[in-house]
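The same chain A turns up in both complexes below, where it pairs with chain B and then with chain C.
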Partner chain A sequence: MEFSPSVIGQMLFTGALMGSIYGAVAMGFSLIFGVAKIINFAHAGVVLWVMYGVLVAVRSGVAHPYVAGLVAIPLCYVIGHGVQRTLMARVSAMSDDMQIIYTFGLLLVLTYMAQFFFGPDVHFLPSSGLAVEFGGVVLQVETIIAGALALGSALALHAFLSRTWLGKAIRASADNRRGATLMGLDVVRLSRVAMALSFALAALAGTILVTVTTFYPLRGLELAVLAFVIVVLGGMDNVFASFVAGVLIGMFEALGTLLFSPSIAHMAIYAMIFAVLLVRPQGLFRRRATK
Partner chain B sequence: MKSALGLSIVVFSLAAASVPFWGSGYTINLLTQIFLFGFLASAWNFMALTGLVSLGHAAFFGVGGYTAAWLYLTWGANLVLGALVGAALAMFLAFVVYWTAFRSGLRGIYFSGLTLVLAEALRFAAINTPALGRSQGLELVSLHLPPFLLYGLSVTLLVLTVAGTLWLLRSPLGYRLQAVRENEDAAEALGVHTFRVKLAATLLSAGLVAIGGALHAVLLRFVEPESDFGLSLSLNLLLGTFLGGTGTALGPPIGIAVLFGLREGIARLGELFALGSSGIYALQQVLYGAMLMLVVVALPDGLVTRARRWWIEWRRASARPGSAGFQAGAQVASMAGLEAAAPGTARATSAVPSAQLASDSPAARPRAGGASAPASAYLEVIDVSRHFRGLAALSNVSFDLRRGEILGLIGPNGAGKTTMFNAISGIFPAQIGEVRFKGERLSGLAPHQVCQRGVARTFQIVQPFAGLTVLENALIGALSRYARIAEAREAALAALVQVDLHAKRDLPAASLTLQDRKMLEFARSLATGPELILLDEVMAGLTASEQSQIADKILEIRDTGVSFLLVEHAMRAVMRLSDRIVVLDHGQVIASGLPSEIARDPGVISVYLGRSLAQTPVDRAA
Partner chain C sequence: MEKDQHSIGQDNRRWTRRTVLKQAAAVAGAAFLPRFASAATEIPIGVVVGLTGAAADYGRDALRAFELVADRVNLSGGIKSLGGAKIKLLVADHQTDLRVASSETERLITRENVLGILGWAASGPARVGSEVGERYQVPSIDTSVDYKLTERGLKYFYRAAINTRQTCNRGVEFVQEMEKTQGAAVKRVAIVHEDLAYGTGAGDLFKEAIERVGRWQLVDRVAYTAAKLTEATGIVNKLKAQNVDVVFQASYPADGILIQRAMKQLRLDLVANVHPAGAPPNLQYVGNLKSDANYVITTLGWTSSMAERLPAGAKATVDEYTKRYKVAVQDQAGYSLSAAAAMVAALSRIKSLDRAELWQAIDKIDLSFGQDPNVIIPFGIKWDEKHDNAKAQAVVTQILGQQLVVVSPKDLALQAPVVPAPSWNKRG
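Our next item is the complex of A and B:
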């Protein structure tokens, strides 16, 4: 295979766009960790169920994927709110280890419920076939839309967290839960909003993911590990850094796939995260916190 | 309790040995798997004893299985040899990874994530290695073993590990592991080499899991990336252990047995409703997930611990009907905690020893008497500086403490008093300057080494090992100088007598009042046989009369030859106790001298005291 500039450019662009979708998955994970101090591995399970939901809607001729997504986002927002009131209500008081075990349990339930109802088969949506070409790089329209939506949501979330009162309140309650409570912030309510937002992000990520890739039940477990990996790279609680780390991982994956094979690319990613965890557990983009 | 457990192990072994005479092939196969996974979960438990949760033990499992299979297929190597080589490799891998992880201090999500990523990286490595059969794995088709061999092996391994766990829980290493689980910083300060203890537990766990992996490969006659390195194996071991009871000897195998029972039940139901193997498998995994959630919320101690507590309560209730007072409740809690941690310690002592025990007890004798060191060179702090980023917490602090002296270290909040303690005890070593004790450098030593050189400390915020009993708390300290449990227990009891906690020795530390916790903190450091004790605000939060009781204790213990460095805000106590006082402000020594001089020093009055204490009657207890 010839590695012409256009092939490499193609891989980098596709990788970056795929990576921005990974970033969208990871952002929700990072948001809920950073804000409610909940390590929610089940986040990827929500993404998975949105994918199956959109698939069912499209297959049965009810709606176009994007329309289904428009319904899924507010629906998941409400569901997230309810989940924080019920399933997750006691989780933030648990130790890290217990949270990991609890949400892994939930992830197993979600993943294998999907396998039980939809079977272990691989599914995908038919592509529109539309593509855009520039300078020898061909990109599918769905991929471009997916990347744009992911980037847009990352910017919007960043702006929300840094500019609006609610966003600042959420960050404050993450930074110092007791302090925020003493300042009169309703930390419990804020964590419900954060969980709802992370569910809405999961819905967005699921919708755009379903338009560009194949999927199967175990994708839930894979996405959970991937989201964790990305979030570690970006520095657990920094939402925008998670998005950037997602893009990096996507490009890394695409290059590895081009030069070797997808599974070697994955091995390299895990090896890299392994090194990051041992050398810079605070993430690539952040200075080490003082003790 | 001990003999009952021994008996049940013998009964279990006999029952297990009888199965080949009446069981069907299916029964034998299922039991082999249950015993094998019971063994694996027990091995996982060794690491969990230190409070570390691994999501990636599949890494070691796979290394064991793949090594044995590959050696057998390519070199025709003996499978036992293969398993041992696999165990050695797994231990080496664990050593490299965890050595680095413990050095960089990974915790919580980062640590679990690291273990998870390790297994995943190895899974993809196996998929990418042609010599290991890529995603197909390796098949051991030509393998023929005598019947019941694997069954016998898995029973033996299980019995040995359970017995080993029972023994470990009552060994010095076992107590150290539990101390690390309860509170790593406090354990370190009490002379526990936490790094080595964690590494030992981890290596043991990894090696045993690798042997189990090899056995599993032989049992199934194949190794394959997903089943050997996959997440579900790690989660199985975790769930089994949590369900049965982390840190108990019987918990892991019982948890695994319950899980396998449920799994078989679902398989039967699935066949009844013709769900197909994929549907059955999915349902089993859903059940596992739901169990994980349920255990965390409803049964965090596990079945065995819960059952034991019920049993003890039931026995109490039937022995003394109608009396459910506070004392009985506390007693029950203590029994439960004690039995979970270490069966047998309850019988350690019966009657309260007399004061005579206290006077010639090991705790009262400093480790190395000898007045050979010159009086001026006991503890020397020489030009110590410590910065946190731009903030100078200590700059050029020098003072010394003479043998047998009580030196008060006072100053406003943020003056650097606790940082000074941390610099002496090795938690945040001094960046510039040095600390010497009896002429020997303490700078650069780890906290446990400082403790072993005779300098003990207490923490400002009391940090008892809440899950252990009062006696076991003191025992951890005593283990820093006695290798044998019996001797260490003597010293621990003596230390408890010194602080009047002897009567409460079997209560769980979590049930103590604040004053008693402070006393326990004191007793723990006494049990290490210190020559110098650093007391960090031991009076804070106590009433005046409690403060004066503690002050009396300090004087009493000083008379046995122990020196004290005292950080304290309770000025009356400081004035009464201290032979000399050093005043810190903004990380610098602004005054030092006799209490009466300090009380009149204008500089000290302006930055700290606020008004002169010259008129305060310092000779009377506050």
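Our next item is the complex of A and C:
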């Protein structure tokens, strides 16, 4: 095999961009775990439904995918707020295993509802055909935009959580729920805001995914596994670390594909997760808790 | 007159204990006899297909074909050799679930006493269902395509469909033909396949066929998990780095679309991209890729564009099917028409409703394309030593103008193949 600069460049850029998109899928998952301590597998179901929503909007000629996404993000924020008040209100009080069963059940409901309404067929939005070429590397415009949006959202979320009062309050309630309550923070309201943000991130992830990949109802289950793997790698409650872990997974996948095959690359990713759980169960980017 | 102390009735008929026992034995005996032995007005044939689940599309197509042939026979006076007995199809849904396929096949055999089975129209269910048929010595004719199904040495299992060994071999042969006739220069080839049973099996078959050719260099074999493939530029980047001329590919629609799109994005120009059925015949493939799907080659047993070149009787069957069900004849329907035709031909040769007799009749089937109007798949039905259809011949199709067009063999071809495919830069 000829490892020319263009081949290696293609691998690096594609890996980084796809990894950013994976990171976008995982950030909402990580956020809701950090704040509400819920392993919300249903997050992937929301991503899937946004993908179908954008598809319907585009195919019916109502809107461009990005415009549909702009509508979906605030809409999902409101829905997320409502979901935390209703469906998820009692989940925090459940035991960890019941939470997993509950949210995974919700994911199955969302997946099979998608199958019922949209059928099992594969869907795919035609690409614009526009590409950026440099040094033999060809990047599709949709992939570049998707990667940029994912990176932008990760930076914006990081800034929000570290610089704003509301973001700091959310982090405080994530770090020490009891302490935050004693300090006068409304942790129930903060959980609702976190869930709403998580839904908005799902909307963003769904919008960018729909422009770069094929999808069908069972894709939701794959996305749930992907998000889980990424947040385990990055650290369960570190949102920005989840994004970085997504990029790492994307790069690792691209390198494994180039050197071996995608099947071996995926196997290696799961082996890596196993190793991380064994050696650094707190994740790659999280400091071990001090006593 | 002194009444017999064992009589239990007051009428003229004397119900002795012996009479009662005889009557009871007769009733019990009749109940245990196979239902088809008591009357030959109907011939129970089991149909086990997936009407729900992942293979539901195939199952529905198969059932339509079976019903069409059975109705034709019944309307024309039934099976003459059996006194005009009508074919009764007893349908079971295997739900594309192996456990259900096994239990439903067994139910049809043991409770409905079916004489033979038509099915399973999906390789997984066929694998388990055929084992059940074998255990009960019930002959079956299947329409699934996995080549491994007939490599188990089953005695009562036959396959009317074309199999992946035939389609993979034909794909490799076709590229060799193109080298000679079109002057296409092929040196480096690669295999790309999904890593489940279909893709891995096809990958193995392609590898065998390429090794038989000898002069090509197999530079890579790329396996991927279809469900985990989010984008495919990594795969195509690797192929491009190895300067491949021909890609032999086995994909499902979702992953096939991603790979083809990545080929366009990275401008991977190939002499040919050859699939053994798989993604390209699926309507979703062209539906999603539009003109980017053009020039992809696929080998298969049937495509609806072949209808124009069929013998008159077979063409009438296609027309009747299309008119009756308001859908085009897909490949699974074509195979199922052949399977049903073979079953009817075998039934026409037996004198009693006996499974062993039917099995012997099926084993001797030799139908030619054009002889039986229900056989629309070229070039007829005759079993080889593995019970595969030796007369089935894969046709080569190419997507041209977003249509799957037969390009080989010549007598069925509608257009000449476009090999090498034009470079991506020259496509509109």
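Simple rule for what comes next: the second predicted complex is superposed on the first by the 288 of 291 C-alpha atoms of A that agree within 3 Å, B and C clash if a C-alpha of one lies under 4 Å from a C-alpha of the other, contacts with A are read in each partner's own complex, and residues count from 1 in each chain.
Just so we're on the same page, a contact is a pair of C-beta atoms (placed from the backbone, for glycine too) under 8 Å apart; a residue touches a chain by one contact, two chains touch by 3 or more.
Everything numeric in this text was worked out from a predicted model, so none of it was measured.
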* To do: For A:Q115, select first, second, both or neither according to whether it touches chain B, chain C, the two together, or no partner.
  => first
* To do: Figure out whether A:S263 sits in contact with chain B (first) or chain C (second), or with both, or with neither.
  => both
* Does the superposition put A:I249 against chain B (first), chain C (second), both, or neither? -> neither
* To do: Scan A:P126 for contacts with chain B and chain C and give back first, second, both or neither.
  => second
* To do: Check whether A:A205 is in contact with chain B, with chain C, with both or with neither, and answer first, second, both or neither.
  => neither
* Asked: Looking at the overlay, what does A:I273 touch: chain B (first), chain C (second), both, or neither?
  -> first
* Which superposed partner A:V229 touches (first chain B, second chain C, both, neither) -> first
* Identify the partner contact of A:L48: answer first if only chain B is touched, second if only chain C is, both if each is, neither if none is. => neither
* **Interface residues of chain A shared between complexes with chain B and chain C** => 120, 261, 263, 266
* Asked: Which chain A residues qualify as touching chain B in the complex?
  -> 33, 39, 90, 94-98, 100-102, 104-113, 115-116, 119-120, 217, 221, 225, 228-229, 232, 236, 261, 263-264, 266-267, 270-271, 273-274, 277-279, 281, 290-291
* **Contact set on chain C toward chain A in their complex** => 54, 195, 219-225, 227-231, 233-235, 237-238, 240-243, 253-255, 257-258, 261, 265-267, 284, 288-290
* Asked: What part of chain A is in contact with chain C in the complex they form?
  -> 1-4, 7, 10-11, 14-15, 18, 21-22, 120-124, 126-127, 131, 138, 140, 143, 209, 212-216, 218-219, 222, 253-254, 257-258, 261-263, 266
* Hey, which residues of chain B end up touching chain A in the complex? -> 53, 55, 100-101, 104, 106-110, 112-114, 116-118, 120-121, 124-125, 127-128, 231, 235, 238, 242, 278-279, 281-283, 285-286, 288-297, 300, 388-389, 428
